[in-house]
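Please go over the structures that come below.
Next come two complexes, and both contain subunit A; in the first it sits with subunit B, in the second with subunit C.
On to the complex of A and B.
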């Protein structure tokens, strides 16, 4: 353990992901036809700072969950580099992997499927303690689990019960307690509240906030619900079809989204207020659906659905451009060096860029 | 300016607000139970409401509130055993659907009242081409002459904005995306021009940009055909945008009913208030803490005494534990089942 502690620099980012690609082969066809590749993650860069919550958002097939699994090193990388706590973990050996399993934990979406139904809560929560031999005596083990139960708002007497005796919200608390057991520095939450009813969801959101404040945790929060993400995440990475389209802090992302996809996504969320003035903000500006990651469109992955697409977008994928400090957008409309090539026959590109900005 | 345009859209609903439209469907004291092990679960308990001509009526609630069981009970789609409708009436066109002979209710399903389910993946038969499935309601109800069936199917696919409809008729469900499959489900629901469409979480399985397309489409089509829609959902955003009136269900009962404005701007039941407060909103101040409803919904095989919400209610009084409050009218459209008088200051 001293190994990691020795080169911990508290000002350095906890996690740096660069050029990440994860491609999966589909089952090969008959007669040795080469297998098609699913480009689940296709060139993703982001950084997670210590103590923050970074949101990874996007619709199904955008690669957000695969990115989470790649960070956990539960899926092999096709390309790219992952640096965690100052250490390159792109190709970890067995010992490093075991160490990582302790320092990174995961909270899953499905509170019903993620807990072993035959184990008592005591042993579900205590499993990381046993695996990593973090407690010496049975009494110490039990005491540590009791602390964890208390942390997540469950009662000590619940330790000897089985998962089926708990409600969905309580099971998610059990999953969170288990994730905390080995004292991790990064918790990857994959849709941790999307299976919960709204009244219970708020309890778990508050718990995640309290734990971060009290324990200084860092979260990588994978989710599709943009209202939940706005509430919990300090910075947000918007993904589309395996790529990052926009990165910004939450204030800027929600108040001044730049990428046409981010704007469409935010405009498509029904707002819980029937007032006509509020409803006028509802503006789902895209048609169609996300194309298959097996055969993604050339150029910008969003161009087939983008109201501003030009020949340049169909031809060439945009690079991320810093539009402000800490706010980057991968869209030709926002690239001063490329926008002149956009060849609009309709309203001038400057006008389009202004409308978008 | 945006205000004017959206107000214009809002008033374009089939019925002006001043004179309530005629009732299309009346549900009285519906009571549906499920036998589970040795206990009886009262999934829907003494539920009464109307659906008016041309309106979108929402039923909102969390899982286990009884909203889907209510919808399925109306069309007698409750699997029996273990389920059973043990009381109430469902009046449609003056006849009680719960009393109709089996073949008569089969005739009515899909023709007068159709249902759109939440899982387009499981509601379509994977081994039949889209065209064959779309044609089924038309054949069963004989609404279109045989030689016109294909034409009508193409027209329906076009109506739900599926491109290349002639080709799509020959596709199998797995060849279509999730959004397309849900469009096909809507087309099937609309095939016989029903007067009531019951949509049970019609977009829950879909991405948000696709959800928006489907719901706008569903609303436009029901408006254009002057049908009524019962929208069953847990999503308060969806309800706020599409519903004219809303029933809020909790533990098998309606606890509050009102116009969308009543429910969102003047909620009077502590459960409705709690739902609003526990929801993260896009227009909240950043850093705001949510106020969850404590505890979890009750076990309906052993419901609490008195008001079913009292164990979780921060306004509960001794009376709430003993006596169950009836659903009472507050004003023209607004009803609540609660002993406590909440005002706007809660």
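On to the complex of A and C.
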């Protein structure tokens, strides 16, 4: 399997997402006027480089899966721009869509629902080959599927079986083999291991890593399991309520998280042997619930739960600030031009004490 | 967490042996007999029904319309196996020839109705939106009228006769059945594998044929077998009203309702014989349909051996 048609600059990023917004109408009225909009994704920017794994993390409902679907062009954009392999795919025509359907593939969360129970593994894995007419003869088709089965660590004689004869981990391997069939350049993994047992998770993660090394794949890895993300992803995008709050390399994000939400998220990872010194680096757990994406709070989306929130946060949404090379944070606390304002709007302890006296 | 578990290495031969060696039909028949004995019985009944229909002239060569006033309303005997009716016609011969007509009408009308149901249901359910809205409102409108009124109007317009009955019954059952298929399609459409097929760029035709249709096969088969029985009954109802198959032609429904009802007490065999024929036919079709539904589902595979084992155990003890 080789990348034969990389006609663009190989150093350019594979995927660039800017200002992505995906809003869903809630209960569309009989005559077209929707009652409200769910702002699932509300202004997201990130870049995926060739050969890397970009993690997209956040709690349920933060819009990470919707972002994945938008990149795959399976859900319409409300606003924003997606550039894939040097080509604007925000509003693709039929021919571009057809090409995209080959170059991007998806691995699904549920290994039981993602495979048609009425099809043999041979035809499940070979479906992209059929759809894009990539093989000419039956023998070539079969041989190609055998290669794919071998790649994902399944035996060739499994090709004639049906999905229900396999375990969850094996099914996920079948799903991965199917995603590889059309020789894609980007694979979107939507929580590919969260439905599996921990030991099986490790196997599937190893498989994904091996495939990336051997085939030079690029992954957009949507997940909520921070341990898995830490193991697999090179860079991580943290999302909250449809926005990006922090982007950083894996090491920097886990060692020195900047955004209060990221700190809380990392602080929520259960630790077998808690070290009070380590724990103290992170915020105490955050109270409250995620606000509704139908009516997101004004200003910073995290301010109702943030222990550092000030009037500025309630008023104005923070812009992403580059705190280091490749590490950006959307928080007024880390914006040198705004820190002064924050101190103004929030009386210090000394001031408070003076007022009481 | 240490993630050093090795992925199992597959030492796969270049050309693996194919698992299937026996021809598909033979394998299917074997499974039918082994896993669903009742289904096999049903299949045999269906086969007998078909053969009776095909070779009616050979089985009852004297014909269904040989009127013999001297022999009228005779009880079953060696000469007339199922007795004779009020015109002295041999009931057995009429049943055999009626099988021909019933089989043609029932299968043709049911097949037509299933094709209509599947077409409307799949289009409406899969594509949704405005098309769904239009189709479903038309179906609503159609279903507002009582079946019998529609039948009477249709026959009044088209005139009585075999093809008219097939057409009108097929349309009637087809349109109401489309609701059931639409529901099944709506639920099948939600499957992740349909999303997967869409995301890899499969055409709607491919998705409908490879992913949706096989997964609504179970309700289709059940609908087919239940509708088959309903069509036979509806045809008898029409014949009773004089709107179905015109009288000299023998149809089971007509025999049951016209002759059977009038002479129920003098000659009960007139009602019993076509009644049993109907019951056996419907039973056979239903059993075969159920077996077909189960055997076509790959998830049910290999489960039937247990049935045989249980039977053997029962016989053994």
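Please note the rule applied: the second predicted complex is superposed on the first by the 315 of 357 C-alpha atoms of A that agree within 3 Å, B and C clash if a C-alpha of one lies under 4 Å from a C-alpha of the other, contacts with A are read in each partner's own complex, and residues count from 1 in each chain.
One rule holds in what follows: a contact is a pair of C-beta atoms (placed from the backbone, for glycine too) under 8 Å apart; a residue touches a chain by one contact, two chains touch by 3 or more.
A quick note: this is a predicted structure, and the numbers were derived from the prediction, not measured.
Trainee: If you stack the two complexes on chain A, which partner ends up touching A:167: first (subunit B), second (subunit C), both, or neither?
Mentor: The first partner, subunit B, only.
Trainee: Answer with first, second, both or neither: which of subunit B and subunit C does A:224 touch in the superposed model?
Mentor: After superposition on chain A, A:224 lies in contact with subunit B alone.
Trainee: Of the two partner chains, subunit B (first) and subunit C (second), which one does A:265 touch, if any: first, second, both, or neither?
Mentor: It touches subunit B, and subunit C stays clear.
Trainee: When the two structures are overlaid on chain A, which partner does A:197 contact: first (subunit B), second (subunit C), both, or neither?
Mentor: In the superposed model, A:197 contacts subunit B only, not subunit C.
Trainee: Check whether A:86 is in contact with subunit B, with subunit C, with both or with neither, and answer first, second, both or neither.
Mentor: neither
Trainee: Looking at the overlay, what does A:43 touch: subunit B (first), subunit C (second), both, or neither?
Mentor: After superposition on chain A, A:43 lies in contact with neither partner.
Trainee: Tell me the contact category for A:250 with respect to subunit B and subunit C: first, second, both or neither.
Mentor: It touches subunit B, and subunit C stays clear.
Trainee: In the overlay, answer first, second, both or neither for which of subunit B and subunit C A:287 touches.
Mentor: Touch status of A:287: first partner only.
Trainee: Looking at A:297 after the superposition, I want to know if it touches subunit B, subunit C, both of them or none. Which is it: first, second, both, neither?
Mentor: Neither subunit B nor subunit C is touched by A:297.
Trainee: Is there a shared patch on subunit A that both subunit B and subunit C touch, and which residues make it up?
Mentor: 199, 202-203, 205-206, 227, 231
Trainee: In the complex of these two chains, what residues of subunit A are touching subunit B?
Mentor: Within the complex, subunit A touches subunit B at residues 59-60, 167-170, 197-203, 205-206, 209, 224, 226-228, 230-231, 250-251, 254, 264-266, 268-280, 282, 284, 286-287, 289-290.
Trainee: In their complex, what parts of subunit A are in touch with subunit C?
Mentor: 72, 74, 97-98, 100-102, 104-106, 108, 110, 113-119, 127-128, 130-132, 146, 149-150, 153-157, 159-160, 162, 164, 175, 178, 182, 199, 202-203, 205-207, 210, 227, 231
Trainee: Can you name the residues of subunit B that touch subunit A in the complex?
Mentor: 2-3, 5-7, 9-10, 62-63, 177-180, 207-213, 215-216, 234-243, 260-261, 264-265, 274-284, 286, 288-294, 296-297
Trainee: In the complex formed with subunit A, which residues of subunit C make contact?
Mentor: 1, 3-10, 12-14, 16-20, 191-193, 195-203, 206, 210-211, 214-215, 217, 297-299, 301
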